[in-house]
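Presented below are the structures under discussion, each in the form of structure tokens.
Both complexes below contain subunit A, partnered by subunit B and then by subunit C.
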Partner chain A sequence: MTTQLPPGMHLETVDDKIMTLNVGPQHPGSGHMRLIIKVDGDYIVSCDPDPGYVHRGEEKMAEYRNYIQNIPHLERPVIHDSSNILYPYCLGVEELLGIEVPERAKYIRVIAAELNRCIYILYWLAIYGIFLGHSTMFMWPAGDRELFIDLLEAMSGARVTHAYLVPGGVRNDLPSNFEERCLRQVEYFEKRLKEYEAVFYQNPLLKARTEGSGILSRTDAIRLGTTGSVLRASGVDFDVRKKEPYDVYENLDFQTIVMKEGDSYARSRVPYLEMFESCRIIKDALRKMPKSGSVRTKLKPNPKGGNDEVYRRVESGRGAIGYYIVSNNRPEPYRVKISVGSFRNLICMPYLLKGEKLGNMPAVYWGLNYWPVEADR
Partner chain B sequence: MSTIAPQFRLSRFIGSLFDLIFWVILIFSLVGLPIVFIVLFYIKLPVINGQLMTPYLAMTWMADPSRTLPIVKNFMHTTIFKVMAFPGFGFAALLAAATIFVERKFLAKIQLRVGPLYCGKIEGILQLMGDGFKLMSKEIIIPAKADKPIFWMGPLLFVGAAGAFVSLIPVAPGWVVANPNVGLLAVFAVIGFFPIIAVLTAWAANSKWTFIGGLRALHQMVAFEIPLILSLLGVVILSGSLNLSQIVVSQEHFWWIAFLPIGAIVFFITILAELERVPFDLPEAESEIVAGWLTEFSGMMYGLIQLGTYLKLYAFAGLFTVLFLGGWNGPMVWPPFPQDIITQGITIGPVTAKFPGLPLFDQEMLNGTLWFVIKTVGVILLILLPRGVFPRVRIDMILHTGWYKLIGLAFINIFIALGLLYAGVLGPGGLLH
Partner chain C sequence: MSNVIGIIRALNSGVKHLAIKRFTLRYPEQKLKFVGDGFQFNPETGVGIAGLRGRHILFHEHCTGCQLCSVACEGIAEAISMVKIHETWKHNKKAIMPQIDYGKCVFCGLCVDACPFYALYMTNDYELSSFTKSALIYTPAQLAIKPNIAQDVEIKIDDRGASHG
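What follows is the complex of A and B.
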């Protein structure tokens, strides 16, 4: 008896040697997504990422709310990097509505963005550690993250979803003794960060496991459209903060971290080294910031954008985040399109995992600096 | 609002309890007591020391230490006590559980946490017990497509094999459950069971993750069994015996770790791999294959596997102590039993109690146990410590280490042992023997 298949459908040929594994969505090493992995023994034959389990329609929701109401829900895709995902939206709306931002607010926005970048990278590093079975590297960053969460709580009043950046500046001014406290905590954190080096990055087992696995060459990294730390780990010197400086980044003193190797180890190390640069930026910004002044330009009630469109992007913890905002003389945006680093880095996962060992899967997967919720938006 | 018993009334509950007690007393006195008397009528009671051994007399004997202590002492030398309590199961489980608790607190301190804190008031000392009770109360879920008899058998076999391993470890002079002359070969035989159990249960669960985990466990254990056996041959060559108790006796003056450090290191690494501890915990690698060959176990089946793992941990640490660290040998630190308790008894106020059966344990046994426990706990802590600093290794790295590096080191260790033997330094008739 034969079954007639609908036209265009065909049965998959089954190879006895190949086993199909559904890594996720209920798998401790997957996140909110699924990887359909085919393995031949211990080697991965093919990998098919299947994101979309946490799609929330942020872009559509943005079309029904006015420019100010959009702030709290647009930060939901990455709640622990909320300042950075709101940053390009604020920049774009300011350009659309023609708002000037006070000088002090620009510095405060940079400080908030860098604090948030550290929070994100520490979270990422904690999961990287536990993915590789290193439980101490899970506990330490997860604990040290509290330093920055406390600072942002003092700034904005919320521990994770800050909604601190608004078009026209920041929501409220810094508390009275913030600068001194911030400097003290950042300096302590830099000391702690050096201990990570000894326990994790110089660990011979970690090096043996991640060095030389999942190599992404410079040309492939550009061709596949990767961004952020993945791109910089493959030897491409690209950072939006340097190439298209926004707010006051051009006045601040920092470097772009670039590594040549392009393997899992380099991809795990670039964000770690970027945290040192973030601390430098914070300290520099605290020094150069105007000590007093307005932090928020007052907007008209229910401001309307012109018949215009704008694209602005910033460097987040996971790479460039771009917002394409179209307005048509209404208080709500006509269209908001978010281009996120996570999704662009996910594209190279099948290329990297093909031919790898199954044991390398967590290191390659999490090294891509991929956050499923952000990719689905 | 409680939805469990909405019609609950305390007075009715207490009333029902009284009803229950009334009926129990009534039925017992009408039915139970006549049955007891009928049975006692037909049983022939023994006559001991010219007295008829009635149940009342037996009860008075239980309060007399001069009569009960010899019975207790006799019981302590029976096989069932050895298997269940002292050198066997109970002792091993208690020691392993205590060390696991210390390890959890210790690891928490490394990771800037507090560890178990609330269960048992004092620093969470009852946490392990709480975990055990939780596992007992959980439902056991068997996969629909599982091969059920083998799947059920897996945890029992695992605990059985671990218990067999524990029974071979000598704790103090004469205190060992099984003391065969080929003790070390018996140990190798028991260790050989574990990969078989892992693969059987992994296959029987009929899941992809357990299958991959089982094959990983098989590869890892087989790859590390050969360096394990080879690393222990040096000890056998030097001590000239396969009997574990005699190996301990042969270390009266020198511990073998002083002459065979390479063998000890190789054996220690193979212990980590056989126990699936970090950094060799890849049969249970969470981020790759969920929980490996334990994925489908739930409730007390998982609890039994954990219990078996603890017993195995104790047994391997004990084996390391016996073979390399001199077992029960150590300076006599245990105070001798005060003689005046035996001769004069204990006087509390007007009452003087005499205990002619004392002491229950001799001094050497207590001293030997003390040293054995100290050394074993140290080894267990060393086994658990890498969890704080190492990530997991990959399967090809582990096989490379096992088949290539450790076997080479184990052979070097054997050559060192042979050199010491033929140079006449150690061994029967040697300089230092």
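What follows is the complex of A and C.
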């Protein structure tokens, strides 16, 4: 008997040896997503990621709100990295409206973005630890994250979803003695970060599970369009902060972390090493920042953009985030398209998991720096 | 062999922490200290003053009922609605003031930026739990009260590590 199937659907032939495993749709540390994995014994035959469970329509919502009212909801996709996801939006709107940002505000924005990157990476690392059953690596980063959350709370007034960056600068000036406090906590954190090395990165148990698993070659990384730490772990020297410096990144002293191996271990290590660079940037920015001055250029109430379009991107904790904004002489943007690193990195999951052991799946999955909520927007 | 050494090293660096004070903040007993008195807006410089963005405080004598805070919140959370107040407030000709629903508010503070008469600020009070949804709606009279909370613990950093007091 043949039944008529709707177009686009097909019946699968079932192989008795192959079992289909639904991983999800649950909340594996960051947001709902599902992996449809076919296993032959312990080995993965194919993997089909199924994103879209946390789609919130951010892009559509942005068309009904004016340029300022868009701020709180645009940072919802990644509440742990909210300054970085807002950064390209602010840069883009500034270009559309022709706003000049004061020098001090540029440095404050860089500091906020780097603190946020550390918060994100520490959260990511904590989940990485617990995915591999390493509960010390869950507790330590989750505790040390508090140092940065407190700093950003002093700056912006909120622990997550800071709504701190606005087109034209930042919402408020730094509190008094912030520089001193920031420097003290960042220096302490650098010392702390070195302890992670022995407990996690030089730990033979971690190495045994991640070294040589899920290898992404340099050409594949470029061909599949990955970004961020995944790309850099495959030996490509690409960082938006270096290649297309925005705000004051060109004046600051830091390096791009590149590793050649392209395996899960390299992908777990690159963000860790990037935190050292983030600390360097913060310390450098605190030194070079003008000690006083304006931090926000006042906008007209309900500013209107001309008939124009703009694309700006920045480097976030998960790779390049780009905003394409179209305006048409109205206080609301005509279209806002967000292109995020998570979604790009998800593409290589089927390639990496093929032939891998099922037990290695969490390490490969989380090493991709994939954040379901951000990818679905 | 090198594996054994690596595991011993890892254990060793964890064991060291047995002798170090815990970082944890014992929350309901201890409360973290914040900068300032909450998020406010500086009329002179035109930017905010850093502080925690907690519950709002409404200065009745400044509020003119202009509704700009409510308009600002419309596209964000629709948390502010304007309610009738007693006619005796002379400077408030429309006799309306904001009422905030904390079941909806996301504490972005953009209403504070929008208020042209500096009548609406935010305070350090973040403990707004209640058993009913209706108790989360704060009337203008409730918003006028300055919260009185003891928040005094800070992160202490010394050579042996960081801890909360």
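Everything below uses one rule, namely that the second predicted complex is superposed on the first by the 362 of 377 C-alpha atoms of A that agree within 3 Å, B and C clash if a C-alpha of one lies under 4 Å from a C-alpha of the other, contacts with A are read in each partner's own complex, and residues count from 1 in each chain.
The definition used in the following text is that contacts are C-beta pairs under 8 Å (C-beta built on N, C-alpha and C of every residue); 3 or more make two chains touch, one makes a residue touch a chain.
Quick caveat, the model's predicted, so the values are computed rather than measured.
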Partner chain(s) touched by A:Ile222 [first = subunit B, second = subunit C, both, neither]: neither
Partner chain(s) touched by A:Leu205 [first = subunit B, second = subunit C, both, neither]: both
Touching partner for A:Gly359 - first (subunit B), second (subunit C), both, neither: first
Touching partner for A:Arg65 - first (subunit B), second (subunit C), both, neither: second
Touched partner set for A:Ile347, first subunit B, second subunit C, both or neither: neither
Contacts of A:Val160 with subunit B and subunit C, given as first, second, both or neither: neither
Chain touching more of subunit A, residue-wise (subunit B, subunit C): C
First, second, both or neither for A:Ile18, with subunit B first and subunit C second: neither
On subunit A, the residue positions that both subunit B and subunit C contact, one per complex: 136, 143, 199, 203, 205
Residues of subunit C defined as touching subunit A within the complex: 2-3, 6-7, 9-10, 12-14, 23-25, 32, 34-36, 38-39, 45-53, 72, 74-77, 106-110, 113, 122, 155, 157, 162
Partner subunit C, residues of subunit A touching it in the complex: 64-66, 68-73, 136, 143-144, 146-147, 150, 153-158, 161, 163, 169-175, 184-185, 188, 195, 198-200, 202-205, 207, 294-296, 298
Residue numbers on subunit A that touch subunit B, as the complex places them: 19, 21, 27-29, 42, 129-140, 143, 199, 203, 205-206, 208-209, 357-362
Complex contact set, residues of subunit B against subunit A: 107, 110-113, 208, 212, 278-279, 281-282, 285-290, 387-397
